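Okay, got some structures for you below.
The following pair of complexes shares a single chain, subunit A, combined with subunit B in the former and subunit C in the latter.
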Partner chain A sequence: MVTAATAGKLTLRQVGKIYADYQGGAINALEPVDLDVAPGEFVAIIGPSGCGKSTLLRLIAGLEKPSAGTLQVDGAPIAGPDYTRGLVFQDPMLFPWKNIWHNVATGLEARGLLAGQKDEVDQFLALVGLADFAGVFPHQLSGGMAQRAALARALVNHPKILLLDEPLGALDALTRMTMQDEILSIWAQRRTTMLFVTHDIDEALYLSQRIVIMSERPGRIKDIMAIDIPRPRRRNAPDFFAYRSRLLALLGVGEQA
Partner chain B sequence: MSRNDAAGAAITAAAGDSDVKKVNIVAALVCWLPAAVLAASLLMHVGLPNRQLVATAANYSLLLAVILAVYAAWAGVALLNPDRRPRLGRHAPLAAVAFGLLALYELVTLKLNLLPLPFFPSPVKIFEAFTNDAPVLAVSVLYSLRLLILGYAIGTLLGLPTGIMMGWYKQFHYWVNPLVRVIGPIPATAWIPVAMAVFPTSLSGSIFLIALATWFPVTVMTWSGVANVNKSYFEIARTLGADEKYLILRIALPAAMPMIFIGLFMGMGTSFVTLVVAEMLGVKAGLGWYIEWAQGWGEYYKVYAALAISAVLFSSVISLLFTVRDKALVWQRGLVKW
Partner chain C sequence: MELVLKLAGAYRHSLAAGGWGWKRLVLPGVLLALWQAVTAGGLVRPILLPSPLQVLDAFVAMAGSGELVTHLAASFARVLEGFALAAVLGVGLGMGLGIFPLLFATTAGIIQLIRPIPPIAWLPLAILWFGIEEGSKVFIIALGAFFPIFTNVLDGVRQTDHKFVELAKVLEVPRGRFLAQVVVPGALPFIMTGLRVGLAFAWMCVVAAELSAGMKGVGYMLTDARALAQTDKVIVGMLAIGVVGKTMDCVLHALEKRIVRWKTSFTGA
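Let's look at the complex of A and B:
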């Protein structure tokens, strides 16, 4: 079921964030940034640690209020957290007291829709390959399985935008590649707008249509690069090399050879 | 235990055929240990003359005989059915030593009269209290249970919301925290004079005291549990569409459950203390009252009987709480078993 995305347009205008530190001073976490993301687009955000990429994601999620600027989804300002913008952290953060089925069901339960939509939970469990683990508690799952469950939990609300904050950062290389393909197949099916924070250049190249490169202290957008590699992409495709060199140069870690 | 079993299995596997037989014979003998010790103590009990005054020794003989029959039957079943053997095998050494110590105590009291009376009555005399005073003891247990259940339930029902509100609302915490910090640490028993004067009946006064004794630890641990929930759980829940009610009841409360159970256990301990002291000082019924009353008459064998009942009663209540916790916290790994 491939449908063209109609919702999930993201518009950021001069969005900045200044935190107060514990001494009453100010930390400039994010310089005013402009960013437009089209409905159904897959955008990766990449940059060194402390570049404000998580801050940016938390602002879009509505968990933080911007110090300056405006954020809009489909023309409506972001007022706070909302089920239309799903969030997945690096740590799966499954609720340890709920089994996997109830973890995935959380969004529907919180919105009072669970009674009529129990099939949805089963479907999303099946989508991420955890149908046989519905009754299992989170501490019994491996890291990759737990992150799959966290994905299903975010997807059950049919979010317009999925915010992924280094979701595969804690996984081993093989699980990571499998999960990348699963995320791509979910994206292909659902056409959810994806904002994918990572510090892995190859991951960003493999997954995204555009890469936002950020620089640190204070965080700001340094460049935005469109990745025009046809899909399905092959991990060892020669197209990647040119992009990788440009990205490395932008990040200031270009090969010195 | 499983490690021991595994080790045992490894030994069995490594050992030769004759060694296997030897291990099996030792295991079978261990199963018969309690019955053997009981038979010996029954012989001692019937055979040696009494040197202290007891109404009748026949009841105690019957008691020993019944327990002996039970253990002999159990050992017999285990002999025929090897599946039953491990459980009895684990239990048997402890039971044998316990029965042995009981027999030894009877020897130095009833049979040899080495310990001063009335402070160290023989087990035969203590058992007499059970048979002669059974109705009074039964009523005392019921009174104590009523007081404990009412006081503990009220204390928990007040402590849970107080703790949740303190952990959730800053304003509530600001106003209630000083009260908790000043009132809480006072031992509930210190309020007995006030409670007995202010409350219309000694029962309502005692319920208040036990509720107070339970309320404080439940409040503090619930508050601490709710205040320390990982903030990311709330953030995730909010992006999933949770409102404040959901965050409190379906995220904060279950996440704080391990801490809440610590508070429930602490509250249970303090309410046992408060219960017994309140009954000794004010209430005219219950196990605490019975102990006080028996001591007034110098009937220490009754005191010991009431103490034995208290031990069984309080231990059962704690076991019940552990069972509830194991059910409620089945999602946690590495629970401490009772």
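Let's look at the complex of A and C:
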């Protein structure tokens, strides 16, 4: 299953987004941003609430049209949503009336591939540790298990890029750490390009190769920080401290002496 | 008779399944005792409120003579016809208007204009158009049951989570499949609620329509008994409607539970 990333290069040039508000006014959600993500890279995006992180992901997913600028994947412009850019929300958003197996199979079924790739569904269920829960309905799962099912539902389509919008935001600290490790191991196996929005500085530091720091509305990219901590990373490694202080300063959250 | 036994069995079963057993029978028992006490003590005149035993006598007489069954069957048939019509139209139009914005834009105005008109206000027109006995009543019932069904189905379609819509786009789920596998199942609890409320409306409408015109049905039986000052018969008729209506609702409720198994419902705190 180990495949080196050959695709999933993301190129954003002067991408801006202005929403129309309900009174006919304009909300400047995203100032023109430039961003390059290499194939197979793990990038975290962090920033204050309302700074346009979700907007950025939705633009990349193709769910939203940019008001300005261009977005390309592997040199081709993004025309609209498709399975090559998978999406995972904070809420698992499993279909409550489908069992876990059928939830995960949704994408393959939609593209008429299910008949030939049923074992693919089983494989990905096993990958996220839900092999024994194939026939179970979402309301019978814990939050962490449901989120793993959502992850499998996105991964089974072999996306080039996985867009994760605070995927672990609703989980308790312990489950969260387990899930972080699972995501890292999936990434190590599949080398999918990862764009991971989070509010948690430690999570960003633990997971990513680079952190995109966005500023208050209208959203801009304030800084991009490369995290050169060797892997496997230890959560309490001293290397984290220097990065953390720099990040806190950039986010304008001064440390109290 | 076999049917009655089966129903009784099912009722006992549902009591046991509910886990409350005898507690369900406390309030009806108390009310019955109170009713008996009030009437037996001569506090109220029988013409205003006959005693439970008098009502039971009337019931036995009416059941024996076939009078009750005849009228009940007439009403029941009308309810079934009108309700079936309303269910087809309500589910169909509710889905249609929820899914196709153009259909909504062109028809919602008319539907909203008709909705506030009480179904019974259509009776004069309905009698002219569809005849005094069956047609007009089925029409009124269908009209009365239509709106709760339609409104609930439309709401059910409307409440489809926007994130599901986006997810479907990302996963490239085709439109038809999206409707069948996401919109419809998501709307099912609302559809079932609409059908149950619609059925209750159907019973209200049939009695109202029969009170006003015609020679058959429970509503007619009520007016007739009132004219003859047979209050016990009035009460038998009312209770019969309650029992039949509740039984039909139980059937729908059981159906709902079967269909919407993925949902855990709130059963009280």
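Going forward, the second predicted complex is superposed on the first by the 253 of 257 C-alpha atoms of A that agree within 3 Å, B and C clash if a C-alpha of one lies under 4 Å from a C-alpha of the other, contacts with A are read in each partner's own complex, and residues count from 1 in each chain.
One rule holds for everything that comes next: contacts are C-beta pairs under 8 Å (C-beta built on N, C-alpha and C of every residue); 3 or more make two chains touch, one makes a residue touch a chain.
Note that this is a predicted model, so its numbers are computed, not measured.
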item	value
Room on subunit A for both subunit B and subunit C (clash or fit)	clash
First (subunit B), second (subunit C), both or neither touched by A:Y19	neither
Which superposed partner A:L63 touches (first subunit B, second subunit C, both, neither)	both
Which of subunit B and subunit C A:H139 touches, first, second, both or neither	both
First (subunit B), second (subunit C), both or neither touched by A:F241	neither
Residue range of subunit B overlapping subunit C upon superposition on chain A, of 20-28, 74-82 or 272-280	272-280
Subunit C-contacting residues of subunit A that also contact subunit B	61-63, 80-83, 85-87, 89, 91, 93, 95-98, 106-107, 109-111, 137-139, 153, 157
Touch list for subunit C against partner subunit A, complex	161, 163-164, 166-174, 177, 181-182, 185-186, 188, 261-264
Contact footprint of subunit B on subunit A as seen in their complex	61-63, 80-83, 85-87, 89, 91, 93, 95-99, 106-107, 109-111, 137-139, 153-154, 157, 163
Touching residues on subunit B, where the partner in the complex is subunit A	230, 232-233, 235-243, 246, 250-251, 254-255, 257, 329-333
Touch list for subunit A against partner subunit C, complex	58, 61-63, 80-83, 85-87, 89, 91, 93, 95-98, 106-107, 109-111, 137-139, 153, 157
